[in-house]
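Two complexes come next, and they have one chain in common, chain A, joined by chain B in the first and chain C in the second.
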Partner chain A sequence: MISVRRKVNRESSRAPHGARPSLSGFALALPPLLLVVVFVGIPILIGLTFSLGFTQGPNRVISLIGQQIHIKSHWWGTFAAYSDVLHDSRFLGDLALTLVVTSISTVFVIAMALGIAMYQRLIGGKKASVLVTLSIVPLFVPVVISAWAIHTFYGGDGFMRTLFSHLGINFPTLTSTPVAIVIGSVWTALPFSILMISSGMQAIPNALIEAARDCGAPTPKIISNILIPLARTPIIIAASFTAIGILGSYTIPLFLGPNQPTMLGVEISNFFGAYNRPQQSLVMAFFVFLAASGIAILYVWQNIKSARESGRI
Partner chain B sequence: MRHSLRLPRLLLNLAIAFMALFILGPLIWLAAHAFVSDWHYPNFYPSGFTFHWWSRVFLDSALSTAMRNSLIISPIVVLCSMVICLPAAYAVGRINFWGRRAFMIGIFSANSFPKIGLFAAIATLYYSLNLMGTFVGVVIIQLLGTIIYMTWIPAAAFAAVPRNLEEAARDAGANKFTVFRTITLRMAMPGILVAIVMSFLAAFDEAQGTYLVGAPSIFTMPTEMYSLVQNYPIQVAAVFSLLLTLPSVLLLSLARKHIMGGQLAEGFQLK
Partner chain C sequence: MLKKRIMQSLALAAIAALGVGVSAPASHAVSQTIQVYISADTNIQDLWNKTLIPAFKAAYPDYDVNVTFDLHGTHDAQETAKITAASVLHKNPGVDLIDGGFVTTLGAAGLLYHPNPGLLPNIANVNKAVLKAGLGGIPYRASSVLLAYNSKNVATPPATLDDLLTWIKAHPGKFTYNAPNGGGSGYSFVQTVVDKYLSDADRTALVAGAAPSLESKWAQGLETLRQLNKFTYGQNGTYPANNAETLTDLATGLVDMGTVWSDQFASALKAGTMPANIKVTQISNPSLTGGASYLGIPNSSTNKVGARLLANWVLSPAAQNLIVSGTLNGFPVIPLSMLDPKATVAFTGVDIQHLRAGYISANANDLKSAWASAVPGK
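Up next, the complex of A and B:
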């Protein structure tokens, strides 16, 4: 590996950079790509054929073990498993919960990150860095721990209920409600968004903001006409990564959410394991993937647009 | 100039208090349980303090095996990830090759398939490759989650190394390897360090895939944590949580300056 790399260094430094498409560059990029193709791409394709009712070949074993398996009725397969899932009222409830929790959590995360990052950019000072540091803390904590800590904190005998009972208020038990999933999702997603957005805001030149102030622009106008448009790319990256992460999340809804309806990440696992309906489980995974792809396209489009604007393409 | 925007001080202090409660509250609450004998709702104070739960965790063979497994597997995953991904990151950052952007997007889209669905789909492949329940199988599953960090962040770091610096060193007579080692690699180091830390955490935290592939022969700390919270008293889970958080806190403290300095943010902008 290292000898290949050195050879390529030599080649690439001889040629002017970016001058011609390089085969050696492609060769260097191959190992992680192969890994992804073999262990992500191929399983997903096999899974797709299985969800369409192809039960032979690599899908033979799982078809024998699983229940309610539909076998293809046309040359291209069958949509029977998809129809199963779409007519399952549980799935529809799960889907609604997943979409609502994802949207609300993403809005909260971005609003909090924007607020803190803008405060840090416009005013700064010690308190701003305290806020930023606090919101980075969840990065240090494994998700299982976060989920369990939040579970106990908002639980029936948790801190919030203890505190409020001493004030004579009956604080609701939030654990096992959708509210707790939102709390957990915001908690875990905050660091990434703060890092993205605050570094985007820090990159905005002081001169621009001061020029606007000298012209008498009020702060809301500076925010809406300078800060938000110039930090648009990092904001959209933060929002799309947050939404994709929450959409497919498993641990947070498992520990914090209600049993029914639950988020699709948990339901995919239930259908695969506990209910032994692998076909339907994969169909749900494809629905989540479809939603995530929609968000991913937004991310890629925004990146390409910003690269084009700055003349990198 | 900087103070022309005056947010009422009270509001700001409230925001800090809210964030402290929201972020730190659950962690402190859980951590406190590691040292108490019992805590009954709605008492504000625990019944007593003890270190009993710590000895219980260290004497439990399943728990200490899980700790050992985690501390062995995660570094191996990071090393594999570096060997596989860093040359690719260099290529992406420095060489304009055919399919470069498609490569970045491919890595990203692999990351946006719901993990739990992928693990369901991967079982078939694992059975046919005889990877179920094996050490290699667990390493590969954890490796998948590190690829995006180990390619994207170092790629941005390599791309940011100024070319004229390298050329100046070449003009001064340094050979290519020396230039790569002393300039390119050294200047990209903060990015690589952040990628190593993020990859380690991704591998160390990975639970669902590890459980699906590793159980019942290989348990790591996070997979053990799932059963722990159901079968043990909360104090044991609290001790285990503290231990499980320790490596991340240590590592992130090392890389904190670079992470907050924008290395992570830089890596997630496609260029």
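Up next, the complex of A and C:
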């Protein structure tokens, strides 16, 4: 199987003959690299120093305004703000909710995207194309609008409760619960995953599936031995992008989640704005950053692996 | 050759750009534009854009007003930082007049131009105590949080805070207030319950300045609020996210009682989004909070003349009438006797001169945080 995958990958993605690394190629990559270093890298470094209690230089103004600012007590700074956050009764609940919502939503998104992609790949036809097109629609609905729509749909006087009350059933109010955050996150993240995974599956040559069928392989075997392994790269890309997106989400948990515990995106904003504790909000941001880095490592590892298999490195 | 020519034209362009940069601030048209920064809800945005600014421009055709709007004050901290930084570095902050909750914070930090009757004549009509509380801010309208109730289901509304707490426990699921970090009407209820257990001296201290040592005295009030979790709407310690959601819950009949801003409620009633059977009242002992909203002119503003002119005009009887009777339905800051009697009929029964003040922002921020730790979902 592995040799088949290698061969397919080799033929489909080898660099054209005559292309070689050059200075002009590096120059092309330079502007985005510089942009990331200047506008993302440096602010992160400044943020890190502020979270450690460096309150001079670029951090002077925010230190004048913020409340509960800790000033460094050693040459390397202080962990006082980190200790504040870890000892805050809200933080662990928020972190747990963020991680649980992220994992459950990602599993749902990938499972549903796989279902639609496989339907289109194995059965196909007009109906499948219409289904895929329809499932992309949420991509064009702004998150604020969809969050509010979901809020009115599952709210105390929403459609679901009204409908079930006519049938004599007391449907639970889902808004202000983690369930509503999962519903909202799946709604917003699904289209991208469907696009990624279904296009990945479309690229799998028909010959492979037909050969397996000729040998008498049942559909589950074709899915587990051909479709999923060959679409592994787009699946992992979709999963990591979905997870990182949900991890840092703000609008959906703000509109649909409970006041407390809430997801870290909302809590960071509360600490920065409503409670005016910029240092503590930065500390939380670094925890989210760590969690997102974990997911990013998975993504990079997969990229390197597939590049190695196709002989690019 | 070509390279040289390009260099020459670049140098010329740079000189031209410099020339424009130098001459622009001196030009007449630019200095006549007043930069107004508003940090508030959409009703205040409408007040400025649809009512005050058109009337001001009609009175002073030479002036142009440019509004920057920040919904719910999401960027108050950044804007405060920007104005602080501009003042420290002696740069133009790009703002001449601010309408927002952080004006008093800027005043406390000494970043505001102090108004005086010599340069701002209409300020003489404003209540001295309210003016003093602004720390350099110019009070221009007031509003109060009130208790809204559904008159169909509630015959006699509670008159005191104790009555209200008893009513909430007797009618599970029929009262709500929004999370204090999402809007002032819910915040006011939280402060009022917390204040119930504080002495007058402690309350005054929390209004006047940062007082972290008094914050431990909030525990009893927060415990009272926590015990309300199973009686408020939602019944498992969940609260509406903002002012607007409380209004919607009242209008759709999900709740029978809730705390609302006087001006937002009056506007909703006028617009028809709030049914006429929802009425408002004030409770006592202690009452729900209210107060003036302040305008601020940053020290570093480059158009103080224009900002002063606009602020002075806003305090004139003509503009105050617009604030009272327009879409906002705000409280005026000058004596009712100077205003159109038809517009002020609505204020019979509500004491608009003696509003109970909210905490200074440093304490208010800590109370919001303390509420989030102690109350929702506990």
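Methods note: the second predicted complex is superposed on the first by the 290 of 313 C-alpha atoms of A that agree within 3 Å, B and C clash if a C-alpha of one lies under 4 Å from a C-alpha of the other, contacts with A are read in each partner's own complex, and residues count from 1 in each chain.
FYI, a contact is a pair of C-beta atoms (placed from the backbone, for glycine too) under 8 Å apart; a residue touches a chain by one contact, two chains touch by 3 or more.
As the structure is a computational prediction, the values presented were derived from the model and not from experiment.
Participant: Please name the chain, chain B or chain C, that touches the greater number of residues in chain A.
Facilitator: The partner with more contacted residues on chain A is B.
Participant: Between chain B (first) and chain C (second), which, if any, makes contact with A:294: first, second, both or neither?
Facilitator: Once the two structures are laid over each other on A, A:294 reaches no partner at all.
Participant: Using the touch definition from the top, say if A:173 reaches chain B (first), chain C (second), both or neither.
Facilitator: The answer is second: A:173 touches chain C but not chain B.
Participant: In the superposed arrangement, which partner chain does A:64 touch: chain B (first), chain C (second), both, or neither?
Facilitator: After superposition on chain A, A:64 lies in contact with chain C alone.
Participant: I'd like to know which partner A:142 touches here: chain B for first, chain C for second, both or neither.
Facilitator: In the superposition, A:142 contacts chain B only.
Participant: State whether A:90 touches chain B only (first), chain C only (second), both chains, or neither.
Facilitator: second
Participant: With both complexes superposed on chain A, which partner does A:157 reach: first (chain B), second (chain C), both or neither?
Facilitator: In the superposition, A:157 contacts both chain B and chain C.
Participant: Report for A:26: first if it touches chain B alone, second if chain C alone, otherwise both or neither.
Facilitator: first
Participant: Does the superposition put A:261 against chain B (first), chain C (second), both, or neither?
Facilitator: It touches chain C, and chain B stays clear.
Participant: Could you look at A:272 and tell me whether it touches chain B, chain C, both or neither (first, second, both, neither)?
Facilitator: both
Participant: Output the chain A positions appearing in both contact lists, the one against chain B and the one against chain C.
Facilitator: Of chain A, residues 61-62, 156-157, 255, 272, 278 contact chain B in one complex and chain C in the other.
Participant: Would you pull the chain B residues touching chain A in the complex into a rising list?
Facilitator: Per the stated touch rule, the residues are 1-5, 7, 12, 15-16, 19-20, 22-27, 29-30, 33, 39-44, 83-85, 87-88, 90-92, 94-100, 103, 105-118, 120-125, 127-128, 140, 143-144, 147, 150-151, 163, 166, 170, 176-177, 180, 201, 204-205, 207-208, 222, 225-226, 229, 234, 237, 241, 244-245, 248-249, 252, 256, 259-260, 262, 264-266, 268-271.
Participant: For the complex, which residues does chain C have touching chain A?
Facilitator: Residues in contact with chain A: 73-74, 76-77, 80-81, 84-85, 88, 109, 179-181, 233-234, 237-239, 241, 249, 252-254, 361-362, 365-366, 368-369, 372-373, 375-378.
Participant: Which residues of chain A touch chain C in the complex?
Facilitator: 61-62, 64-67, 88-90, 156-157, 173, 176-177, 254-255, 258-261, 270-278
Participant: In their complex, what parts of chain A are in touch with chain B?
Facilitator: Chain A residues touching chain B: 1, 4-6, 8-10, 12-13, 17-26, 28-33, 35-36, 39-44, 46-47, 50, 58-59, 61-62, 115, 119, 122-124, 127, 130-132, 134-146, 148-154, 156-159, 161-162, 165-166, 183, 187, 190, 192, 195-196, 199-200, 202, 210, 213, 219, 233-234, 237, 241, 244, 247-248, 250-251, 255, 264-265, 268-269, 272, 278, 281-282, 284-286, 288-289, 292-293, 295-296, 299-300, 303-304, 306-307, 312.
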